[in-house]
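Each in structure tokens, the structures are laid out below.
Both complexes below contain chain A, partnered by chain B and then by chain C.
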Partner chain A sequence: MGLVTRKKLFSIMALCAMVGLLLLPIVMSLPSSAAGEEAPAADAAKKEGDKVEKGRDVYYKTEGIVVGAPAPKTTDGPKDYPRYNFESRVLLWFANQQHLYYGSFVLAVPIFCMVIEFMGVVTKDKALAKRYDQLAYDFIKISLTAYSLTAILGGILIFTFLTLYPAFFGYLSSIFRPVMHIYALMFVAESGTLYIYYYGWDKMKEGFLKWIHLSMSVVLNIIGTLLMFLANSWIGFMMSPAGVDEQGRFLGNIWHVIHTALWNPLNVHRILGNMAFGGGVVAAYAAYKFLASKTEEDRAHYDWMGYIAMALGVAFLIPLPFAGYWLMREVYAYRQQMGITLMGGLLAWLFIIQATMIGILFLSTNYYLWQALGRMRGAEKYQRYIKYLVFLLVCGFLVFITPHTMVMSPAELKAMGGQQHPVLGNYGVMSAKNGGINVIITTTVLSFVWYMRGNKVSTVSWSKFGNIFMGVFFACAYVNIIWLAIYGYYIPANVRVGLSVPQVATTLSCLFFMFALNGVMMKGAKQMGPIEWGKISARSQYALIMLATAFTWMMGLMGYIRSSVRLFWHVNEIMRDNSPWAYTHTVGFAANMISFNVLFFWVSILFVFWLGSLAAKKAPVEAKAGVPGGAPQPAGSH
Partner chain B sequence: MKALMSVGALIGVVGLLLLVGMIFDIIPSNTVRLVEGYMPMQMLTELAFYVAGFAGLSYILASMGMAVPRFWQGIGFWAFILLYLKFRVYPPIPFSVRAMYGTVSLVAVFMWVSSNEEDWKKFKQPIMNVLDAQSGTNKMLRYMYLILLPLLIGGFSYNAMKPKSEEPIELRTVHPAPPASTKVHGKTYVLQTSQNPYRVNPEGKYDQEYTNANIVEQGMGRLMKPNANPWDDKNQGYLKYVREGGEIFFQNCHFCHGDNLNGRGLHAFAFNPIPANFTDPGTIAQLQETFIFWRVSKGGIGLPNEGFPWASVMPPWEQHLTVDEIWKVILFEYWHTGYYPRTWD
Partner chain C sequence: MGNLINEALSMGWMVLAILAGLLIYFQVSISDPVAKKRATFKTLIGIVAAFLLFVAIANYKNNFYGENRLLPVSLVMITATAFVMALYFTNLAALLKIGGFMFFVAAFLSGYGNWLPQVEGGFPPKEEKLDFSSMTPQQLADEGEKIIFGGIGQNKVQGAIGKGQCPLCHAFHAGMLGERAPNLLGLPERAGKERLEDPKYSKGNPSKREYAEKESFPGAGTAENGQEYIAESHSCPSCYVVSGYGVKGTNDKESPMPKIHKPPISLSLPELAAVDTWLYVREGREAPSYEEITKSYEKFIPEAERPKMQEDKPAAASALLADGSEPVDQIFAKAQCVVCHTIPGIPGATGTQGPKLEEGTNAPNRIKDPAYKGSAHSTPEYIMESVVSPSTYVVKGFPDNLMPKVFGQKLSAGALKKIVDYLSQVKAGAPPPKIS
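This part shows the complex of A and B:
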């Protein structure tokens, strides 16, 4: 058997092993779902005849046989809430947040690797393909160290739960027992797959083997995503429990417990959020390396890396507000009380901070793209119009961050003549905010289009018509978005909620249709000059760092909001939190805690980056392949 | 191009003159009225006109050889925004919101002046000149800043630390989250699922769409729909209940909430904040009918902890009205304002 054939065989075997690992938890779980839960209950029912106790599902309203104990009624004391001389909730908050940061990062990066590796495989330009491949490898290398840290932090989190909240964790694990075991097995599968994927990189870098390697990344990402979905089922259950009766007794249907009212919106929101966050962290890494670079070569490489990471992150940032909107809609539909606490009541000010952070993300992205025009010769023609984009962005931003409940002194309240300001009060409601965010996103799309055509002049015969068409299309999009935002005030709320669909559709049609049209127009375009990678202002790199910091801060904030909306419940309306910390923190304390978590994460990830750089120093010179000589082609644009 | 820019410049000059007049109180802020119903877009449109005006002004001045340096353009535009918010928009915007807007505008100015290297260099130049102090004027300016900046910072710090006798700022929760259920006159109502029993069609069935079709036209005139006059004695069902609700409203609620339901009743200005303005899109238009039912029944005294500082003197109307009367008055409030209660179907 030839060497190549043997390699092929081993690769296929490795891929099959991965698929096997993926299927392992499912196979393992089959007996439990077939006999593990419901069968004993059924047997017990037969034996005890009429004594079987039935309960009604709090969410699905179906009847089921009670197979679990009721949620414990905890009391404040060492039995249910053992503690140090410190607020246990804060310790848990810290452990949870750090685990989530790293978890998000290590789930997002392999998805990037998959995309970049795929781009490398399909790119015809061999030098560029090599660069993409190297970039994907650099990404996975960073995530590998972070992976161990994620597992360690996961362990710390479980110990914190077990030691500080034993009653609550005991209840949760009694309900999710099979899910937790599947989760653990999935983690084994994830680790195995990741190591084979990473260590097999060099051995499977050509031809058919490369496709096998690429398939492994698909398997890896499926496992990672399923892992996250399972973890989401726990928080979904805590917010909107299902599969249990009013006393919290498990009714035997594990799917009901997993598939709660908020599970799917949480899944979608988290997967997009992780991707945007991962892109931000890698972009910040590249920015840091760019600023610390001593050679033109390094600067060019990290400039390019930062651009790719930013573009991938932003690709997932754009749909993120829509996913968030869906989640909030489902929260309102699940419990009006919960929705009002979030958006109009106790936590409303945190949402204003969140809106500010979202605005900062988009502002940073646009600013980076405008700076990036500076490294293209011929892009000057667009630069003088940037001030109008700034105006559009800022108008959208101001509307987006205007609070419904304004902070004011009683004297100001009196001068204003009522709680609602007659002008700005209109910006405080959802209809205006939908308009604001869609204007921001559409402007970001416009900035991208300008960037993609920065140094090019279309040579197609219909270029003039194409340009006019694009201009009119964008103008109509703005008019439609703003018009729908105004119209939203004149229709019932349930119709208004649905109005976000045409607004989003307008924004997304700008994104897809204009990108596609621009791509066609720029095919074979005349280049006014090359993209001079590395010749970008330092300010742009600070914008990338800002982007990543804003992502991190926002993730911490949103996690806190999502968790604290349960108020004094461990499991909403099922298990009450009777610890001394069942109150909602002040906005100031929460902001300080989030900032501390962000700071800790960035300090620790710098350590991870440093470890990664130690490995890079030992790498052969050829690993630095592909420092741009010609004009490299960034993701999907040039 | 030049003609277009000249028009822009003219708009810029007129706009600036108006604003200066408002700042020095020569021209009242409402000389150019913020028209009710159009105010939010009017403000953004005015700002857009100002931006176009400044672009025209800058172009014309540059073509006359009197270009305004980028540094002063940036500083000037930021100052304009702050002054516009303070002196143009009425009633006065609370400081906290102006501070937010001011910060965002500052970021916007930075993004504009640093969007490319050439502009950034132009913007930085006067600052660098003062720091380098190559000329006598710049040297003097540098010394001046050396003295003024610490004084300024000291002044701010002193002002921040000085004990004040003003009333503290209140982070008031206007719509605190309601309980899952509320007990009124001995019956428990689940807020998620309860319905207004008087929101019915001619057949007597609960029908949101039918009742929505009969509310007043929402707009500047607030006109009744044709053939939907609740004061017509022949009406039965929904419109009859609206009339009954209206009678209850004018017997009990209008003293505070006003004839037009805009929170400006006879006694309104004895309270701070004044009573809720139902015509504002941020009040009943945002809420389910059951929320209003709970608020009306329990009043200010029944606000939860989250409703701090409980700045509501509304009586718990369950002590004065029957359940049916409360539902009818809610029906009237939605009918009169032209808003639809929030639903999730």
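This part shows the complex of A and C:
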């Protein structure tokens, strides 16, 4: 048997092992879902005749046989809430947030690797393909160190739950017992797959074997995503419980408990959020390496890496507000009161911070792109228009962060002479705010289009017509978005809500049609000069760091909002929080806590980066192989 | 500041001592004068930066739970420290600058969060199951006062109102005139005598009654004593209407009062017992026992219609009549607007004691009226003004001070907004707007 054939065989076996690992938890769970929970109850029912107790599902409204104990009614004391001389909730907040940061990072990075490795496989330019491959390898190397930290933090989180909130965790694990075991098995599968994927990299870098390797990344990501979905089911249950009766007794249907009202929107929102966050972290890593680089080659490599990571992160940032909109709509559909607490009640000011953060993210992205124009010959022609984009972005931002309906005390209401501020309130109307954010996103799309054609001149025969068409299209889009924002003032609130649809449609049209048209126009375009990777200003790298920090901060903020909307319930309307901390902190305290979490995460991840750099130093030959010498070629992504 | 420095020193003395030790070590070990000078300078900078860092940490530690809005200043100090150190430790410059920049971003966001209005969600209402049946009369009366006025000792406070919403229409003290409903002072005595002896009441013979309803439910009969009269008037207000207090245009045949055991008020029998007990106790009278009162209600409220005591629902303890989460028709019902006003499109809103609310048409005309002295310039502003401050402009033909002035306090901002949005769309001759 030849060497190549043996390698092939081993690779296929490894892939089969991964698929087997993926299926393992499902196979293990079959007995429990087929008969597991309901069967004993049914048997017991037969034995005890009429003593069967039935309950009604609080969400699905179906009847089921009660198989679980009611949610415990806790009391403030060492039995239900043992504690140190510190607020237990803050300790849990810290442990949870750190685990989530690392968890998101290690789930997002393999998705990047998959995308980048795929780009490497399909790219015809061999040098570029090698660079993509090296980049994907660098990414997975970073995530490997972070992976073990994620597991450690997960352990700390469970111990924190067990020691500080035993009654609550006991109840949650009694309901999710099979899910938690499947979760643990999935984690084993994830680890196994990740190690095979990482250590098999060099052995499977050519031809058919590369495709097998790529397939492994798909399996790895499926496992990772399922892992996250299972974890999401716990928080979904805490926010919008299902599968239990009014007393919190489990009714035997595990799918109902998992598939709660908010599970799917949470899943989608979290995948996108993780990707944007992962992009931010990798971009920050590249920025750090860029700023610390001593050679031109290193600067070129990390400039390119930062750009790719930023572009991937932003690609997932753009649909994130729409996923958030869906989640919020489902929250309103589930409990209107919950939606009002979020958007117009106790937590409304936090959404003002969120709006500011979104503004900061888009401003940073645009700033980076404008700086990036500086490393292209021929892009000078766009520089003079940047001031107009700044004007549009700032106007959109100011309108977007203006509050409209806030919870007020009667005294405040009287002082303001109405529910809204007499002048500013007008800018905060929903259609105007939608107008603001859509102007921001459309301007970002425009910046991207400029960046993509920075050093190129279209050679298609209809380029003049194409340019005019694009200009008119963008102008009409701005007019339409702004006109609808103004029109919203003249129609009642319930009709006004509907204006968001044409506004969003306009923005998405710009995104898809203009990117596609630009792509067609720039096919075979004349290059004014190569992109001079590494020649970007140091300021641009701070924009990337800003992006990463803002992503991290926003993730902490939104997680806090999502969790605190339950107010004084461990499990909404089922299990009350009777600890001394069953109140909602002030905005200021939350902001301080989020900052602390963000900084702790970054200090620790910088340590991880540093560890990664130690490993790189030990294998200089291998690592250098993929780094391009001389002037790097432009990446195929633009 | 002195305290901060002390704390910083006590926290970081070991690090500072090590740095000082290094300083001495460099003096002894480095012979090259240039290298020695550089090492000394860097170590001094290190000592200053480390000290600043510990001052910042001490500040952060002290104010972790406080509302000190200068707290982010400590983060800015850390930023400054990082950038200063980056100037002198070039090997770590990138790391220090990035760290400093991240600290700055976090400090800015923390500062922003602290600058915004600080709203803290209070503790949830205590989870308590009240057992009204085992209470003393005074305890029961206290609970009754809470239900009527929202709190103990609140009965003389202008605008105080509880779950029962009674003060929206009734007055409770001498000299106070309730124009929409009788003053309830002296009711326990009046009920058993004047009311039951009134021929229109038709004691013992409900079929002779000339009111909108003859009996609370078929076979319920009429009251035999004062307590039963009170129970009947709560559960069937239109079985007997005190002269002058009927719905306009019905010749006092129909009462504007809702049935108290039904939505939106839905008081349970124990709660009604508490309310009635307060009516007796506050006048120094001996109240009937809890059992007697509940029995009187059982006579007029069939079992299927008796609402249960709300348990484990702290939301019910809210002092607001409506929080804005309800559809607008429910807000109108909960705030009792429907009792006095006709509102097109709102089921049951057929009251005539106040003007018909077609504000999309009326408001612009009223703002133009020379008699109008308010500050509204638009229809929504006018509606908001007339809800929050009804006496600012009183529509001709309707009395002033009839409408309570408590809605600004008793409706959430969201509920007020829904009312304004709805009413501004109601126009004379046009189909009513959709309920949202």
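Simple rule for what comes next: the second predicted complex is superposed on the first by the 584 of 638 C-alpha atoms of A that agree within 3 Å, B and C clash if a C-alpha of one lies under 4 Å from a C-alpha of the other, contacts with A are read in each partner's own complex, and residues count from 1 in each chain.
Methods note: contacts are C-beta pairs under 8 Å (C-beta built on N, C-alpha and C of every residue); 3 or more make two chains touch, one makes a residue touch a chain.
Worth saying up front: this structure is predicted, and the values here are computed from it rather than measured.
J.: Between chain B (first) and chain C (second), which, if any, makes contact with A:Q336: first, second, both or neither?
T.: Both partners, chain B and chain C.
J.: Tell me the contact category for A:I358 with respect to chain B and chain C: first, second, both or neither.
T.: After superposing on A, A:I358 lies clear of both chain B and chain C.
J.: Quick check for you: in the superposed arrangement, does A:A292 touch first (chain B), second (chain C), both or neither?
T.: Only chain C; A:A292 stays clear of chain B.
J.: One more residue to check, A:A582. First (chain B), second (chain C), both or neither?
T.: second
J.: Of the partners chain B and chain C, which touch A:L606 in the superposed model: first, second, both, neither?
T.: second
J.: Considering only the touch criterion stated at the top, classify A:G344 as touching first (chain B), second (chain C), both, or neither.
T.: The answer is both, since A:G344 touches chain B and chain C.
J.: A:I594 in the overlay: touching chain B, chain C, both, or neither? Say first, second, both or neither.
T.: second
J.: Now for A:A242: first (chain B), second (chain C), both, or neither, which partner does it touch?
T.: neither
J.: Using the touch definition from the top, say if A:L373 reaches chain B (first), chain C (second), both or neither.
T.: Only chain B is touched by A:L373; chain C is not.
J.: In this superposed model, does chain C or chain B come into contact with more residues of chain A?
T.: With both complexes superposed on chain A, more residues of chain A are touched by B.
J.: In the superposed arrangement, what residues of chain A touch both chain B and chain C?
T.: Overlap of chain B and chain C footprints on chain A: residues 336-337, 340, 344-346, 349, 356, 405-408, 410, 413-414, 417-419, 492-494, 587.
J.: Which of the residues in chain A end up touching chain C in this complex?
T.: It is residues 284, 287-288, 291-292, 336-337, 340, 344-346, 349, 352-353, 356-357, 405-408, 410, 413-414, 417-419, 492-494, 542, 545-546, 549-550, 553, 564, 567-568, 576-578, 582-592, 594-595, 598-599, 602-603, 606 of chain A that touch chain C.
J.: Hey, which residues of chain C end up touching chain A in the complex?
T.: The contact residues of chain C facing chain A are 64-65, 67, 69, 71, 75, 93-95, 97-99, 101-103, 105-107, 109-110, 112-114, 116-124, 127, 312, 314-315, 323-325, 375, 381, 384, 388, 408-409, 412-414, 416-417, 420-421, 424-425, 433-434, 436.
J.: Over in the complex, which chain A residues touch chain B? Could you list them?
T.: Those in contact with chain B are residues 332-333, 335-338, 340-341, 344-346, 348-349, 356, 359, 363, 366-367, 370-371, 373-374, 380, 383, 386-388, 390-391, 393-395, 397-399, 401-429, 431-432, 482, 486, 489-494, 537, 539, 573, 587.
J.: What does chain B use to touch chain A in their complex?
T.: My answer: residues 34, 36, 39-41, 43-44, 47-48, 51, 55, 89, 91-97, 100-101, 104-105, 107-108, 111-112, 114-117, 120, 166-180, 191-192, 208, 212, 218-219, 263, 272-274, 276-277, 280-283, 285-286, 288, 290-291, 306, 340-345.
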